[in-house]
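So, here's a batch of structures to check.
After this come two complexes, each holding subunit A, first together with subunit B and then together with subunit C.
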Partner chain A sequence: MAEMFDSFKEHSIAEFFKKNRHMLGFSGKVRSLTTVIHEYVTNSLDACEEAGILPYIKVEIHSMGDKYKVVVQDNGPGIPRELIGKALGQMLAGTKFHRYMQQRGQQGIGAAGCTMFSLLTTGKPIHVISAHNGTAVSCDVSIDFKTNKPVVKNIVERPATFHGLIIEGFFGDVKFDKGQYGPLEYIKRTAIANPHATIELITPDGEKYLFKRSIDRVPQKPKEVKPHPLGIGPHDLIEFAKASNAKKLSSFLINDFSRVTQKKVNELKELLPDIDFNKDPKALSWQEAERIVKAIHKIKWIAPQTDAVIPIGKEQIEKSLNNVLKPQFVTVVERQPRIYRGGIPFVVEVGIAYGLTDESFPFKGSVMRFANRAPLLFDAAGCAITQAVKSIDWKRYNIQNFDEEPIAVFVNLSSVHVPYVSAGKQAIANEEEIVKEIKNGIMEAARTIKTFIRKRYKAKEIEKKRKALLRYVNRLSEDLAALSGFSQEELKQKLMQLVEERYKLGGG
Partner chain B sequence: MDNDKLAYERLIALGKKMAQEVVEGKGPTFETIVRSKSNILFDEKGFLRLGEKRETRKFLNVGQAKTFMQTVSIANKLKQFIEQNLHTSIRGLYYQLKFSLGEDLDESLFEEQSESNALIEDLEVALGVKREDFHLTTDRKGVLAGPIKIRDSFGGEDIIIDGTKQGRSGWMIPSDVDNGMEIIEVDANYVLVVEKDALWQRLNEDRFWQKEKAILITPKGQASRGTRRLLRKLADMGLPIIVFTDCDAWGWYIYWTMKTGSMNLAYLGRDFSVPEAKFVGVTMSDIERYNFLKKLTIKAKEVDLKRAREMKEYPWIKRHVEWVKELDLVLKTKKKLEQDALQGPRLTFVGDYLREKIRNEEFLP
Partner chain C sequence: MAEMFDSFKEHSIAEFFKKNRHMLGFSGKVRSLTTVIHEYVTNSLDACEEAGILPYIKVEIHSMGDKYKVVVQDNGPGIPRELIGKALGQMLAGTKFHRYMQQRGQQGIGAAGCTMFSLLTTGKPIHVISAHNGTAVSCDVSIDFKTNKPVVKNIVERPATFHGLIIEGFFGDVKFDKGQYGPLEYIKRTAIANPHATIELITPDGEKYLFKRSIDRVPQKPKEVKPHPLGIGPHDLIEFAKASNAKKLSSFLINDFSRVTQKKVNELKELLPDIDFNKDPKALSWQEAERIVKAIHKIKWIAPQTDAVIPIGKEQIEKSLNNVLKPQFVTVVERQPRIYRGGIPFVVEVGIAYGLTDESFPFKGSVMRFANRAPLLFDAAGCAITQAVKSIDWKRYNIQNFDEEPIAVFVNLSSVHVPYVSAGKQAIANEEEIVKEIKNGIMEAARTIKTFIRKRYKAKEIEKKRKALLRYVNRLSEDLAALSGFSQEELKQKLMQLVEERYKLGGG
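So, the complex of A and B:
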């Protein structure tokens, strides 16, 4: 991803994205609006989580002729005045890019991308009110495309007794839609993956949707961990080297990566006698980086720590799937942490909701994809999760026709580094270990669903039998009374009682 | 006591037994005798009957609930027929019961007559009562003439039927010869059953029954229930039953059904069979004996041969060497002969043929 930036050094990154906005998810009217909502909501959730606040996020979408006004408000910590411009008006300036931890946003182009999109489609800046540490700052943010520098204007400060962030933006070339790719579905899914958040949506029609939190606990803060050497490529090595304070290549490796010791550096030296491990890491060439990565894969390493990955949790997913989708049955599987590409830890969680009604969730055979709790709505075909779901032989689990059944499969991949297919961050790359793990998770959950469907089928059969018999009781008691001289009422009552006893609801 | 009074009591007893089960908190049950082939046996007294295998149907068993309810509905309807002293056919009964189970239900008590037919047989077997006693009528087919007087109480009037005064058409045997019907006088030496109506008419014209003091009956093919029941009653009065059919496996099978009953109707047992019956002709051996018949044979069809082969396998036929010989001759010569052929030399030859063979007691068992 960032390799592309290298070749465009002469232009600003903002200039590059101006020409390639589809890479950020700004392609198609419905998708563009969802992307805007996604970027802001994701930032709000991350900020609240870091500050240990239970998020309350309100999203309003107003139709203004052929344009839309979007207002996203949260109760997070707000942004300090000096960082507002950087956070919303400069590409790749976010706090996340050089940190190796599990967060929803990863590359810091999101909110600034929205600012750019607003400028491109309406010419208007983004209006921000940030209440942070007792001060509320309101200002307008735009971007100087030539220099990739934020432009902050109309700054007004006043004291505040609250904290949080309000972002108001105008966007053209977008469209509101209640379908599978629209903001409503996006927010519904965000609510599912974030049971600790309350999210409100007001649509252009004035409809109000409120997804209340089902858990009153802020998720555990993910740990910042140094990357494991097995998980990095030559490009990562160069990027990390640029950001490092280390003077020598050897100390850079020891300080900036986990599991790298002097002894391991010595092993690398033996394999690469012609590379100077005392050189300035910033002077590392592509070729050298490539050779170091190759050598890394030749020696033995202690496995990376997996406690940096924090899944949503089985109980939490169960609660929120029930809360939002209101299905007849839910089962959730939380898998053990695993490693892909030899060094990147990840955890897969799978939930299956069965027996959905049109009211709560009108889509059949739905696949709900998430990466670090963020819903992935687009580019489904190329995603590892989609591939895993498609590879399941659903008939084995009493699901005769997956695409037609009232079933939703929820998959959340948690990792410090999610291998997205593109900068739009809407599909997970088909890493073999990841696909396999997701598949195993789905199969585990599907086994429980199978039992449920079988039981439900049995219960239905019993109910059918009970009804069939009750249907005949009237006639039988009438004839039997006439034939025997017994009281029809008594025979009828007794017969009904016998049928009810024999075919108890929910019983065998 | 008429048989229908007994049937009436048994229907009520069945109802009381079921109602008692319900009141005691048990699911109502209906026990009947299995009518499948595995429970059909040949009684040493010479007829087919059902064995001892029983089955119990339960209302609380979903698979049996509907038939159970239908059976009780039929039983109740039959009780009403006897109470009202009215009769109807099994189709009439079906129409009496073909109605919806309820205004809100898209289901009738009966959809097809075949459903009720089987349940009527179940009740006959379970209660040991034949359908005629339930006031169910069956098709009439047989015709009678001869020295017999019968009292028929019908429509509130008693009439005496004189078998000698039935003219050219004879007396048609009703479906029920037990209820409201009594044989009051018989002055006959034997009963002659003639397969074909045409031959019966020939013999009637010759006043064969008068000359021979015989009761002359034609079942017109396979004997109806009424005809078979009447033959049983006449045999019970000590009259020999002598049967005269075509000389082929089909004709002979008509004889055997009258004599022993058939697999399908095994549930009727002795009441509808005449093991004492004897066979007078026509036989394959007659062709050797009466020269003119040689020219009157016709070619046996494949169905005739197939039936002959089957008959040879029935244990109750196989044990008679005379019959095995006859059947073997059919299979060997692939020929058959109609009883009509006996009119070949002259129309009255049939009577002479029968008289001679009966006098000499030239019968097959």
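So, the complex of A and C:
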């Protein structure tokens, strides 16, 4: 019975994702290529945003036999030499994972996942040129899967007058197409949600698509915020306490969380007379932490700071949807910030575009999902946004059959922590508060659409009646002319005038 | 611009899943409790199976204020003392991850995930008693999140005459219920798919459910198999070559893969005359590996060994479905083994139970999904099984409205590597070959159901006609008696006999 334990081994996160690459979005040839573009473009946008730079991103996809070469170049801050390997060749390393801050990336896996995928499918490392603080470093990055450590080779340094990052990778098991899951659609949607970015795409056929920025203002820089007391559990409290420099429990609570004032600490003290709020926070026991968390839920709090959550903006979305989709009608709703899981702020924006033509956007009943401005193209079925759209009784809004109408619903969820279903970051978990809020947003937007469609319907009806009457005018003018002796032409003019007045000016 | 990199950090896999616990199935109170039961019960079943033991598993769930205590006890082989910490307190450690073998667990995350969840919600370690090879070790296991290393405390050893594992954990943020996502339903379905196991559940109300084994034979022990050449890429080839003891490329290919013979190597040699098959496999370059993989796809191979994939068995499933669901009609289909991604064998089994009563199984249009005999209760929308069921035109099989009929579709996928969508292991990825095969299985089973439903429908129709005619017999016999002078009773008897003959014996 003992020999079954002989093969007991430990594995690295890199080995885990190597075996489960589909969890990172590397499944299916088109999806895999889109995943590569997604990871690099979101990193570029995040880096530019944090550095306060208007992004210019150039994506080139070259077909090379059964492989593709992808080059993504940005004008961001670049990466310091000593961090290039970790940023691109080590999973779970980066600046994003531990910060409570709104960014597209948040796991520190994406770009290293692309390096993994390149190694698995072509055996080639990723070639990087990083121009940061006056120095350009070029090097090749791969991963040691056994240890999840980066391997950086062929390092060349030279002075640079520009800044930015160029990543060049070779990928097998991928395919370019222009369908709704391909890189072109991905970049189109990225452009919609990021009107401050200029993005250029060169396809394997040599076609060039340029999505120019429509706004010359960098979005507000996302802020790192302190967690709200309502969002934490005893375990968090103890962990934060261990990491805190505060000498007293009371000052720890005030310093490390948002909305905690001396007054609030006093309220907690009243509920917990036997806990010493002057004690060293590092000595907090589980029981004490648990009692503090319970007490926190008994007193009233100002809602969490929501200024850390930065939506795209109503006008920007309207502009973008009109620019890119060219619909007959657009309506956009920006909702108030809300909270999920007690303490995590989020904002929902919903746009509905109606009357799309096959030229500008050939997909019927489309749902365009975004999280922190990054398009979600895959795993639609399990996503909170899809669930919210499906739960709408569209007939109430004069949409008879959602899946067959020229309608696109745009939903962007902004949050300091988007609850993704999996490491592939393509679907938002069905958190009750989030689904409800998205649903409310869609219904609010749909009410405007309803009026538009009703008016359009009315206009159509009026036009039908007008045309029907005009058809009689000829005949009637002829008969009247014969009976009365008036000129037929004159009678026709008068009758037409009557009809036009009734239906064109006066309305139905 | 440089300060944005100051917060660059590395993180452990334990920290990753601590922040993304929903990826392991810890989201929602009921689901979280079911996840705990799922992880422990699948581990127990796997361990018993590998050790050739008929499993007896006892699950106790105790409510303790706002927390629950879960105790899972099995009669498996136990865990050796030196591995207890790693097995239960370290993620990505275990016997399963790297082996090409059919097991319920395959990632080495599950049980350590439960320890994490206990620490996060109650601050308590997991208490373990492991009786292995004559020694019982009791200890407390927790995880150091920063390093993903186990922390084992309070170790007590004593001699033992029994073997098995007892795990006792305290969990907050969970809830017991008897709905279709709760632990009772989970265990019921586990019993259906594992008729060789006896499972006992004691609910927080003190109710006792006993699912007795209906078969006294341990399932065939799963075999570890060598990969089939059609299932590997250049990267795998190089990795296997590095790990191999073979001195020559040719013997490496023959030793390390299934179905590779000297004859096959000769065929490869013919296609690759410039590659030296006597060379050290460790010296294989990417180009060579790539060319070998291409050549592999050009020659004919015997299909992969499928004896490593062990289905439950038609009879066993039939017995189980009848035992537990008590339907009017059951049909089970066991399909032939198939291959996905070129080299991974799998087998699909489909059962359809029809005519379920509210007492035995109150859910309409139910899909019971299993992977390697473990029930999948969550994330149904994104699962290959759900997709296959939805793609069926049920009306063709006399099922007018699947979602409202007393029908349950049972699907079990057995494979040495189940392509789960995420680390939570609740949905099977939509691999084309798998979806197609499940669909074929369902259609095969549905054809039998169709006949049953048609017969049942026919029987109903006949009964209706018979009853209608019998209603006239009284009246007719009265009238005939008055007209003819015969006795009414005699006429009635004769007429009834006529009707019965026509509709009861002769059929429609």
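Convention: the second predicted complex is superposed on the first by the 375 of 508 C-alpha atoms of A that agree within 3 Å, B and C clash if a C-alpha of one lies under 4 Å from a C-alpha of the other, contacts with A are read in each partner's own complex, and residues count from 1 in each chain.
As a convention for this text, contacts are C-beta pairs under 8 Å (C-beta built on N, C-alpha and C of every residue); 3 or more make two chains touch, one makes a residue touch a chain.
Bear in mind that the values here come from a model prediction, so they are computed numbers and not experimental data.
K.L.:
See if subunit A has more residues touched by subunit B or by subunit C, and give me that chain.
P.N.:
With both complexes superposed on chain A, more residues of subunit A are touched by C.
K.L.:
Between subunit B and subunit C, whom does A:Glu207 touch in the aligned arrangement: first, second, both, or neither?
P.N.:
neither
K.L.:
Mind working out whether A:Ala481 is in touch with subunit B, subunit C, both or neither, as first, second, both or neither?
P.N.:
A:Ala481 sits against subunit B, while subunit C stays out of touch.
K.L.:
Touching A:Glu490 in the superposition: subunit B (first), subunit C (second), both, neither?
P.N.:
first
K.L.:
Should A:Ala429 be classified as contacting the first partner (subunit B), the second (subunit C), both, or neither?
P.N.:
A:Ala429: touches subunit C, not subunit B.
K.L.:
Check whether A:Pro77 is in contact with subunit B, with subunit C, with both or with neither, and answer first, second, both or neither.
P.N.:
second
K.L.:
Where does A:Arg471 make contact in the superposed view: on subunit B (first), on subunit C (second), on both, or on neither?
P.N.:
A:Arg471: touches subunit B, not subunit C.
K.L.:
Overlap the subunit B and subunit C contact sets on subunit A and report the shared residues.
P.N.:
none
K.L.:
Under the touch definition given earlier, write down the residues of subunit B that touch subunit A in their complex.
P.N.:
Residue positions touching the partner: 11-12, 14-16, 18-20, 22-23, 25-28, 59-60, 62, 65-66, 68-69, 72-73, 75-76, 79, 101-102, 105, 107, 109.
K.L.:
Which stretch or stretches of subunit C touch subunit A in the complex?
P.N.:
Touching subunit A: residues 1-2, 4-5, 7-13, 15-16, 19-20, 22-23, 27, 47, 50-51, 77, 79-80, 83, 86-87, 90, 92-95, 97-99, 107-108, 119-124, 132-133, 163, 173, 233-235, 238, 286, 289-290, 379, 381-382, 419-424, 427, 429 of subunit C.
K.L.:
Which bits of subunit A are touching subunit B when the two form their complex?
P.N.:
Touching subunit B: residues 465, 468-469, 471-472, 474-476, 479-486, 490-491, 494-495, 497-499, 502 of subunit A.
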